[in-house]
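We call the chains A, B, C, D, E and F, going by the order they appear; numbering starts again at 1 in every chain.
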Amino acid sequence: MPAMTIKLFEGRSVEMKRELAEAITRETCRVLGCGPEAVDIIFEDVKKENWATAGKLWSDR
Amino acid sequence: MPAMTIKLFEGRSVEMKRELAEAITRETCRVLGCGPEAVDIIFEDVKKENWATAGKLWSDR
Amino acid sequence: MPAMTIKLFEGRSVEMKRELAEAITRETCRVLGCGPEAVDIIFEDVKKENWATAGKLWSDR
Amino acid sequence: MPAMTIKLFEGRSVEMKRELAEAITRETCRVLGCGPEAVDIIFEDVKKENWATAGKLWSDR
Amino acid sequence: MPAMTIKLFEGRSVEMKRELAEAITRETCRVLGCGPEAVDIIFEDVKKENWATAGKLWSDR
Amino acid sequence: MPAMTIKLFEGRSVEMKRELAEAITRETCRVLGCGPEAVDIIFEDVKKENWATAGKLWSDR
(Lines give C-alpha, C1' and ligand atoms only; values in the text may rest on other atoms or scores of the structure.)
Protein backbone atom coordinates (compact mmCIF):
# COMPACT_ATOMS: atom_id res chain seq x y z
CA MET A 1 0.00 0.00 0.00
CA PRO A 2 2.58 2.58 -0.61
CA ALA A 3 1.08 5.04 -3.07
CA MET A 4 3.58 7.34 -4.75
CA THR A 5 3.42 10.40 -6.92
CA ILE A 6 6.50 11.50 -8.79
CA LYS A 7 6.52 14.97 -10.29
CA LEU A 8 9.17 15.40 -12.95
CA PHE A 9 9.87 17.69 -15.86
CA GLU A 10 7.85 17.03 -18.97
CA GLY A 11 9.74 15.21 -21.68
CA ARG A 12 10.96 12.09 -19.93
CA SER A 13 10.48 9.08 -22.19
CA VAL A 14 8.15 6.17 -21.55
CA GLU A 15 11.25 3.97 -21.43
CA MET A 16 12.63 5.97 -18.51
CA LYS A 17 9.30 5.85 -16.66
CA ARG A 18 9.04 2.10 -17.26
CA GLU A 19 12.52 1.50 -15.89
CA LEU A 20 12.04 3.86 -12.97
CA ALA A 21 8.70 2.34 -11.96
CA GLU A 22 10.26 -1.10 -12.06
CA ALA A 23 13.31 -0.10 -9.99
CA ILE A 24 11.39 1.89 -7.37
CA THR A 25 8.86 -0.90 -6.94
CA ARG A 26 11.62 -3.48 -6.50
CA GLU A 27 13.46 -1.36 -3.91
CA THR A 28 10.24 -0.55 -2.06
CA CYS A 29 9.31 -4.22 -1.76
CA ARG A 30 12.80 -5.11 -0.61
CA VAL A 31 12.89 -2.43 2.11
CA LEU A 32 9.29 -2.56 3.32
CA GLY A 33 8.75 -6.27 2.81
CA CYS A 34 5.56 -5.85 0.81
CA GLY A 35 4.38 -7.49 -2.39
CA PRO A 36 4.82 -5.63 -5.71
CA GLU A 37 1.06 -5.48 -6.35
CA ALA A 38 0.81 -3.17 -3.32
CA VAL A 39 2.95 -0.48 -4.95
CA ASP A 40 1.17 2.19 -6.96
CA ILE A 41 3.16 4.92 -8.74
CA ILE A 42 1.78 7.92 -10.61
CA PHE A 43 4.04 10.15 -12.67
CA GLU A 44 3.06 13.78 -13.15
CA ASP A 45 4.71 15.62 -16.03
CA VAL A 46 5.40 19.24 -15.13
CA LYS A 47 6.15 21.92 -17.70
CA LYS A 48 9.20 24.05 -16.91
CA GLU A 49 6.95 27.11 -16.91
CA ASN A 50 4.94 25.49 -14.10
CA TRP A 51 7.83 24.85 -11.72
CA ALA A 52 9.62 27.60 -9.80
CA THR A 53 12.58 27.36 -7.46
CA ALA A 54 13.88 30.38 -5.57
CA GLY A 55 11.07 32.43 -7.09
CA LYS A 56 12.14 31.80 -10.67
CA LEU A 57 10.41 29.64 -13.26
CA TRP A 58 12.61 26.92 -14.70
CA SER A 59 11.59 28.06 -18.20
CA ASP A 60 13.34 31.37 -17.47
CA ARG A 61 16.71 29.87 -16.57
CA MET B 1 -14.57 22.01 3.49
CA PRO B 2 -13.79 18.62 2.26
CA ALA B 3 -11.39 19.08 -0.65
CA MET B 4 -10.99 16.05 -2.88
CA THR B 5 -8.72 15.04 -5.70
CA ILE B 6 -9.65 12.11 -7.89
CA LYS B 7 -6.99 10.65 -10.14
CA LEU B 8 -8.44 8.53 -12.91
CA PHE B 9 -7.36 7.23 -16.29
CA GLU B 10 -7.50 9.74 -19.11
CA GLY B 11 -10.48 9.36 -21.39
CA ARG B 12 -13.42 9.54 -18.99
CA SER B 13 -16.15 11.70 -20.50
CA VAL B 14 -17.35 15.02 -19.13
CA GLU B 15 -20.72 13.38 -18.59
CA MET B 16 -19.17 10.81 -16.26
CA LYS B 17 -17.29 13.49 -14.34
CA ARG B 18 -20.45 15.58 -14.05
CA GLU B 19 -22.43 12.65 -12.67
CA LEU B 20 -19.64 11.53 -10.37
CA ALA B 21 -19.11 15.03 -8.93
CA GLU B 22 -22.83 15.32 -8.29
CA ALA B 23 -23.09 11.91 -6.61
CA ILE B 24 -19.98 12.26 -4.45
CA THR B 25 -21.02 15.72 -3.29
CA ARG B 26 -24.49 14.48 -2.38
CA GLU B 27 -23.11 11.51 -0.40
CA THR B 28 -20.50 13.66 1.32
CA CYS B 29 -23.10 16.16 2.49
CA ARG B 30 -25.36 13.38 3.69
CA VAL B 31 -22.64 11.67 5.72
CA LEU B 32 -20.76 14.68 7.05
CA GLY B 33 -23.71 16.98 7.42
CA CYS B 34 -22.13 19.83 5.49
CA GLY B 35 -23.55 22.09 2.79
CA PRO B 36 -22.79 21.31 -0.88
CA GLU B 37 -20.92 24.58 -1.43
CA ALA B 38 -18.28 23.28 1.01
CA VAL B 39 -17.35 20.38 -1.26
CA ASP B 40 -14.58 20.93 -3.79
CA ILE B 41 -13.57 18.15 -6.20
CA ILE B 42 -10.68 18.18 -8.66
CA PHE B 43 -10.30 15.43 -11.27
CA GLU B 44 -6.83 14.62 -12.53
CA ASP B 45 -6.60 12.73 -15.82
CA VAL B 46 -3.70 10.29 -15.80
CA LYS B 47 -2.27 8.71 -18.94
CA LYS B 48 -1.84 4.94 -18.77
CA GLU B 49 1.87 5.42 -19.40
CA ASN B 50 2.01 7.54 -16.22
CA TRP B 51 0.47 5.01 -13.85
CA ALA B 52 2.29 1.88 -12.68
CA THR B 53 1.05 -0.90 -10.43
CA ALA B 54 3.31 -3.74 -9.33
CA GLY B 55 6.16 -2.05 -11.19
CA LYS B 56 4.44 -2.18 -14.57
CA LEU B 57 2.99 0.72 -16.54
CA TRP B 58 -0.69 0.30 -17.39
CA SER B 59 0.13 1.15 -21.01
CA ASP B 60 2.22 -2.05 -21.13
CA ARG B 61 -0.54 -4.40 -20.04
CA MET C 1 -8.00 2.80 -10.63
CA PRO C 2 -9.45 5.95 -9.33
CA ALA C 3 -7.25 7.07 -6.43
CA MET C 4 -8.79 9.70 -4.21
CA THR C 5 -7.60 11.92 -1.41
CA ILE C 6 -10.13 13.64 0.79
CA LYS C 7 -8.91 16.45 3.02
CA LEU C 8 -11.33 17.22 5.82
CA PHE C 9 -11.25 18.91 9.19
CA GLU C 10 -9.77 16.88 12.00
CA GLY C 11 -12.30 15.34 14.32
CA ARG C 12 -14.53 13.36 11.97
CA SER C 13 -15.29 9.97 13.48
CA VAL C 14 -14.19 6.63 12.11
CA GLU C 15 -17.88 5.82 11.62
CA MET C 16 -18.28 8.79 9.28
CA LYS C 17 -15.17 7.86 7.32
CA ARG C 18 -16.34 4.24 7.07
CA GLU C 19 -19.73 5.30 5.75
CA LEU C 20 -18.28 7.90 3.40
CA ALA C 21 -15.71 5.50 1.94
CA GLU C 22 -18.44 2.96 1.34
CA ALA C 23 -20.79 5.46 -0.31
CA ILE C 24 -18.17 7.11 -2.52
CA THR C 25 -16.84 3.75 -3.66
CA ARG C 26 -20.33 2.55 -4.54
CA GLU C 27 -21.14 5.71 -6.52
CA THR C 28 -17.78 5.65 -8.28
CA CYS C 29 -18.26 2.07 -9.42
CA ARG C 30 -21.79 2.84 -10.59
CA VAL C 31 -20.75 5.87 -12.65
CA LEU C 32 -17.41 4.68 -14.01
CA GLY C 33 -18.30 1.03 -14.35
CA CYS C 34 -15.28 -0.22 -12.44
CA GLY C 35 -14.95 -2.84 -9.75
CA PRO C 36 -14.78 -1.75 -6.09
CA GLU C 37 -11.29 -3.15 -5.57
CA ALA C 38 -10.07 -0.50 -8.04
CA VAL C 39 -11.11 2.37 -5.77
CA ASP C 40 -8.56 3.67 -3.29
CA ILE C 41 -9.46 6.48 -0.88
CA ILE C 42 -7.15 8.25 1.55
CA PHE C 43 -8.52 10.65 4.16
CA GLU C 44 -6.29 13.45 5.38
CA ASP C 45 -7.25 15.08 8.68
CA VAL C 46 -6.49 18.80 8.64
CA LYS C 47 -6.30 20.94 11.77
CA LYS C 48 -8.29 24.16 11.61
CA GLU C 49 -5.07 26.09 12.19
CA ASN C 50 -3.70 24.50 9.00
CA TRP C 51 -6.51 25.53 6.67
CA ALA C 52 -7.06 29.10 5.48
CA THR C 53 -9.79 30.49 3.26
CA ALA C 54 -9.79 34.13 2.16
CA GLY C 55 -6.48 34.58 3.96
CA LYS C 56 -7.87 33.63 7.36
CA LEU C 57 -7.18 30.46 9.34
CA TRP C 58 -10.30 28.51 10.25
CA SER C 59 -9.08 28.38 13.85
CA ASP C 60 -9.43 32.18 13.95
CA ARG C 61 -13.07 32.30 12.89
CA MET D 1 11.95 23.60 2.26
CA PRO D 2 8.48 24.75 1.88
CA ALA D 3 7.15 22.86 -1.14
CA MET D 4 3.97 24.28 -2.61
CA THR D 5 1.46 23.19 -5.19
CA ILE D 6 -0.95 25.71 -6.61
CA LYS D 7 -3.93 24.41 -8.56
CA LEU D 8 -5.53 27.06 -10.72
CA PHE D 9 -7.79 27.23 -13.74
CA GLU D 10 -6.10 26.55 -17.05
CA GLY D 11 -5.37 29.65 -19.08
CA ARG D 12 -3.31 31.77 -16.71
CA SER D 13 -0.39 33.33 -18.58
CA VAL D 14 3.26 32.58 -17.96
CA GLU D 15 3.64 36.23 -16.95
CA MET D 16 1.12 35.78 -14.14
CA LYS D 17 2.81 32.59 -12.94
CA ARG D 18 6.21 34.28 -13.05
CA GLU D 19 4.98 37.23 -11.00
CA LEU D 20 3.07 35.00 -8.57
CA ALA D 21 6.02 32.67 -7.99
CA GLU D 22 8.23 35.66 -7.31
CA ALA D 23 5.78 37.29 -4.88
CA ILE D 24 4.93 34.12 -2.96
CA THR D 25 8.59 33.20 -2.62
CA ARG D 26 9.44 36.67 -1.32
CA GLU D 27 6.61 36.62 1.25
CA THR D 28 7.43 33.07 2.33
CA CYS D 29 11.07 33.96 2.97
CA ARG D 30 10.06 37.10 4.87
CA VAL D 31 7.62 35.26 7.15
CA LEU D 32 9.48 31.99 7.68
CA GLY D 33 12.99 33.42 7.61
CA CYS D 34 14.25 30.96 5.01
CA GLY D 35 16.37 31.49 1.91
CA PRO D 36 14.64 31.71 -1.50
CA GLU D 37 16.39 28.61 -2.84
CA ALA D 38 14.43 26.60 -0.26
CA VAL D 39 11.09 27.52 -1.84
CA ASP D 40 9.72 25.21 -4.50
CA ILE D 41 6.42 25.99 -6.25
CA ILE D 42 4.56 23.82 -8.74
CA PHE D 43 1.56 25.15 -10.65
CA GLU D 44 -1.09 22.70 -11.80
CA ASP D 45 -3.41 23.89 -14.57
CA VAL D 46 -6.91 22.54 -14.08
CA LYS D 47 -9.55 22.49 -16.83
CA LYS D 48 -12.92 23.88 -15.80
CA GLU D 49 -14.47 20.52 -16.65
CA ASN D 50 -12.16 18.94 -14.05
CA TRP D 51 -13.12 21.15 -11.12
CA ALA D 52 -16.44 20.91 -9.31
CA THR D 53 -17.78 22.99 -6.45
CA ALA D 54 -21.11 22.22 -4.80
CA GLY D 55 -21.43 19.21 -7.09
CA LYS D 56 -21.31 21.24 -10.28
CA LEU D 57 -18.49 21.40 -12.83
CA TRP D 58 -17.18 24.91 -13.44
CA SER D 59 -17.53 24.30 -17.18
CA ASP D 60 -21.30 24.02 -16.63
CA ARG D 61 -21.73 27.39 -14.93
CA MET E 1 -10.21 29.12 -7.17
CA PRO E 2 -6.57 28.68 -6.60
CA ALA E 3 -6.17 25.82 -4.12
CA MET E 4 -2.76 25.59 -2.51
CA THR E 5 -0.95 23.10 -0.35
CA ILE E 6 2.17 24.16 1.49
CA LYS E 7 4.37 21.45 2.97
CA LEU E 8 6.74 22.77 5.58
CA PHE E 9 8.77 21.42 8.47
CA GLU E 10 6.82 20.70 11.62
CA GLY E 11 7.21 23.32 14.32
CA ARG E 12 6.19 26.53 12.56
CA SER E 13 3.97 28.60 14.84
CA VAL E 14 0.34 29.43 14.25
CA GLU E 15 1.40 33.08 14.09
CA MET E 16 3.68 32.34 11.14
CA LYS E 17 0.98 30.37 9.34
CA ARG E 18 -1.56 33.13 9.97
CA GLU E 19 0.79 35.78 8.55
CA LEU E 20 1.83 33.60 5.61
CA ALA E 21 -1.76 32.72 4.67
CA GLU E 22 -2.67 36.41 4.76
CA ALA E 23 0.32 37.48 2.65
CA ILE E 24 0.02 34.72 0.05
CA THR E 25 -3.71 35.34 -0.34
CA ARG E 26 -3.14 39.08 -0.82
CA GLU E 27 -0.42 38.54 -3.44
CA THR E 28 -2.47 35.89 -5.25
CA CYS E 29 -5.49 38.19 -5.52
CA ARG E 30 -3.29 41.06 -6.73
CA VAL E 31 -1.61 39.01 -9.45
CA LEU E 32 -4.54 36.85 -10.61
CA GLY E 33 -7.27 39.43 -10.08
CA CYS E 34 -9.47 37.12 -8.03
CA GLY E 35 -11.38 37.70 -4.81
CA PRO E 36 -9.84 36.51 -1.50
CA GLU E 37 -12.67 34.07 -0.78
CA ALA E 38 -11.49 32.10 -3.83
CA VAL E 39 -8.13 31.32 -2.25
CA ASP E 40 -7.82 28.14 -0.22
CA ILE E 41 -4.55 27.23 1.51
CA ILE E 42 -3.73 24.04 3.39
CA PHE E 43 -0.54 23.71 5.42
CA GLU E 44 0.96 20.28 5.88
CA ASP E 45 3.43 19.85 8.74
CA VAL E 46 6.21 17.44 7.80
CA LYS E 47 8.50 15.80 10.34
CA LYS E 48 12.20 16.02 9.50
CA GLU E 49 12.35 12.22 9.53
CA ASN E 50 9.73 12.24 6.75
CA TRP E 51 11.56 14.52 4.33
CA ALA E 52 14.64 13.47 2.38
CA THR E 53 16.78 15.48 -0.01
CA ALA E 54 19.65 13.90 -1.92
CA GLY E 55 18.71 10.56 -0.38
CA LYS E 56 19.22 11.73 3.18
CA LEU E 57 16.56 12.37 5.82
CA TRP E 58 16.63 15.88 7.26
CA SER E 59 16.56 14.36 10.75
CA ASP E 60 19.99 12.85 10.00
CA ARG E 61 21.70 16.11 9.07
CA MET F 1 13.81 18.00 -9.68
CA PRO F 2 11.81 14.95 -9.27
CA ALA F 3 9.64 15.62 -6.22
CA MET F 4 8.04 12.53 -4.72
CA THR F 5 5.44 11.84 -2.10
CA ILE F 6 5.12 8.37 -0.66
CA LYS F 7 2.02 7.55 1.33
CA LEU F 8 2.44 4.49 3.50
CA PHE F 9 0.82 2.98 6.54
CA GLU F 10 1.77 4.56 9.84
CA GLY F 11 4.27 2.60 11.84
CA ARG F 12 7.18 2.20 9.44
CA SER F 13 10.45 2.80 11.25
CA VAL F 14 12.85 5.64 10.61
CA GLU F 15 15.41 3.02 9.58
CA MET F 16 13.10 1.81 6.80
CA LYS F 17 12.44 5.35 5.59
CA ARG F 18 16.16 6.12 5.65
CA GLU F 19 16.98 3.06 3.58
CA LEU F 20 14.07 3.59 1.20
CA ALA F 21 14.93 7.25 0.60
CA GLU F 22 18.52 6.28 -0.14
CA ALA F 23 17.56 3.49 -2.53
CA ILE F 24 14.90 5.42 -4.43
CA THR F 25 17.20 8.42 -4.82
CA ARG F 26 20.00 6.21 -6.15
CA GLU F 27 17.70 4.48 -8.67
CA THR F 28 16.14 7.78 -9.76
CA CYS F 29 19.55 9.34 -10.46
CA ARG F 30 20.67 6.24 -12.35
CA VAL F 31 17.60 6.15 -14.60
CA LEU F 32 17.02 9.87 -15.14
CA GLY F 33 20.65 10.93 -15.11
CA CYS F 34 20.15 13.66 -12.52
CA GLY F 35 22.18 14.57 -9.45
CA PRO F 36 21.03 13.33 -6.02
CA GLU F 37 20.48 16.84 -4.67
CA ALA F 38 17.67 17.20 -7.23
CA VAL F 39 15.63 14.41 -5.62
CA ASP F 40 13.15 15.39 -2.92
CA ILE F 41 11.08 12.73 -1.14
CA ILE F 42 8.31 13.29 1.39
CA PHE F 43 6.81 10.38 3.33
CA GLU F 44 3.24 10.66 4.53
CA ASP F 45 2.19 8.32 7.33
CA VAL F 46 -1.41 7.20 6.89
CA LYS F 47 -3.47 5.61 9.67
CA LYS F 48 -5.27 2.42 8.69
CA GLU F 49 -8.56 4.10 9.57
CA ASN F 50 -7.76 6.75 6.95
CA TRP F 51 -7.17 4.42 4.02
CA ALA F 52 -9.95 2.54 2.25
CA THR F 53 -9.75 0.06 -0.59
CA ALA F 54 -12.86 -1.41 -2.19
CA GLY F 55 -14.96 0.77 0.10
CA LYS F 56 -13.56 -0.74 3.29
CA LEU F 57 -11.22 0.91 5.79
CA TRP F 58 -8.01 -1.02 6.37
CA SER F 59 -8.61 -0.76 10.14
CA ASP F 60 -11.73 -2.89 9.63
CA ARG F 61 -10.01 -5.79 7.92
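As a convention for this text, a contact is a pair of C-beta atoms (placed from the backbone, for glycine too) under 8 Å apart; a residue touches a chain by one contact, two chains touch by 3 or more.
These figures come from a predicted structure and were not determined experimentally.
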Label-sorted list of chains bordering both subunit A and subunit D is B, F
Hop count on the shortest chain-contact route linking subunit B and subunit E comes to 1
Smallest number of touch links from subunit C to reach subunit D? 2
Pair from A-F, B-E or A-B with over half of its contact pairs in common with A-D: A-B
For the Cα fit of subunit B against subunit F, please give the angle of the superposing rotation, nearest 5 degrees. 180
From the C-alpha centre of subunit B to that of subunit D, how far is it in Å? 20
Roughly how far is subunit B from subunit C, centre to centre by C-alpha average, rounded to an integer in Å? 11
Touching two or more other chains, which residues of subunit E qualify? 3, 7, 24, 40, 42, 51, 53
Chains grouped in pairs wherever the two touch, ordered by label: A-B, A-C, A-D, A-F, B-C, B-D, B-E, C-E, C-F, D-E, D-F, E-F
Of all residues in subunit D, which touch subunit A in the complex? 14, 17-18, 21-22, 24-26, 36-37, 39-45
Interfacial residue positions of subunit E with respect to subunit D in the complex: 1-9, 12, 16, 19-20, 23-24, 27-28, 30-32, 51, 53, 58
Quick check on the complex: what are the subunit A residues that touch subunit C? 3, 40, 42
Inside the complex, what are the residues of subunit E that reach subunit F? 7, 46, 49-57, 59-60
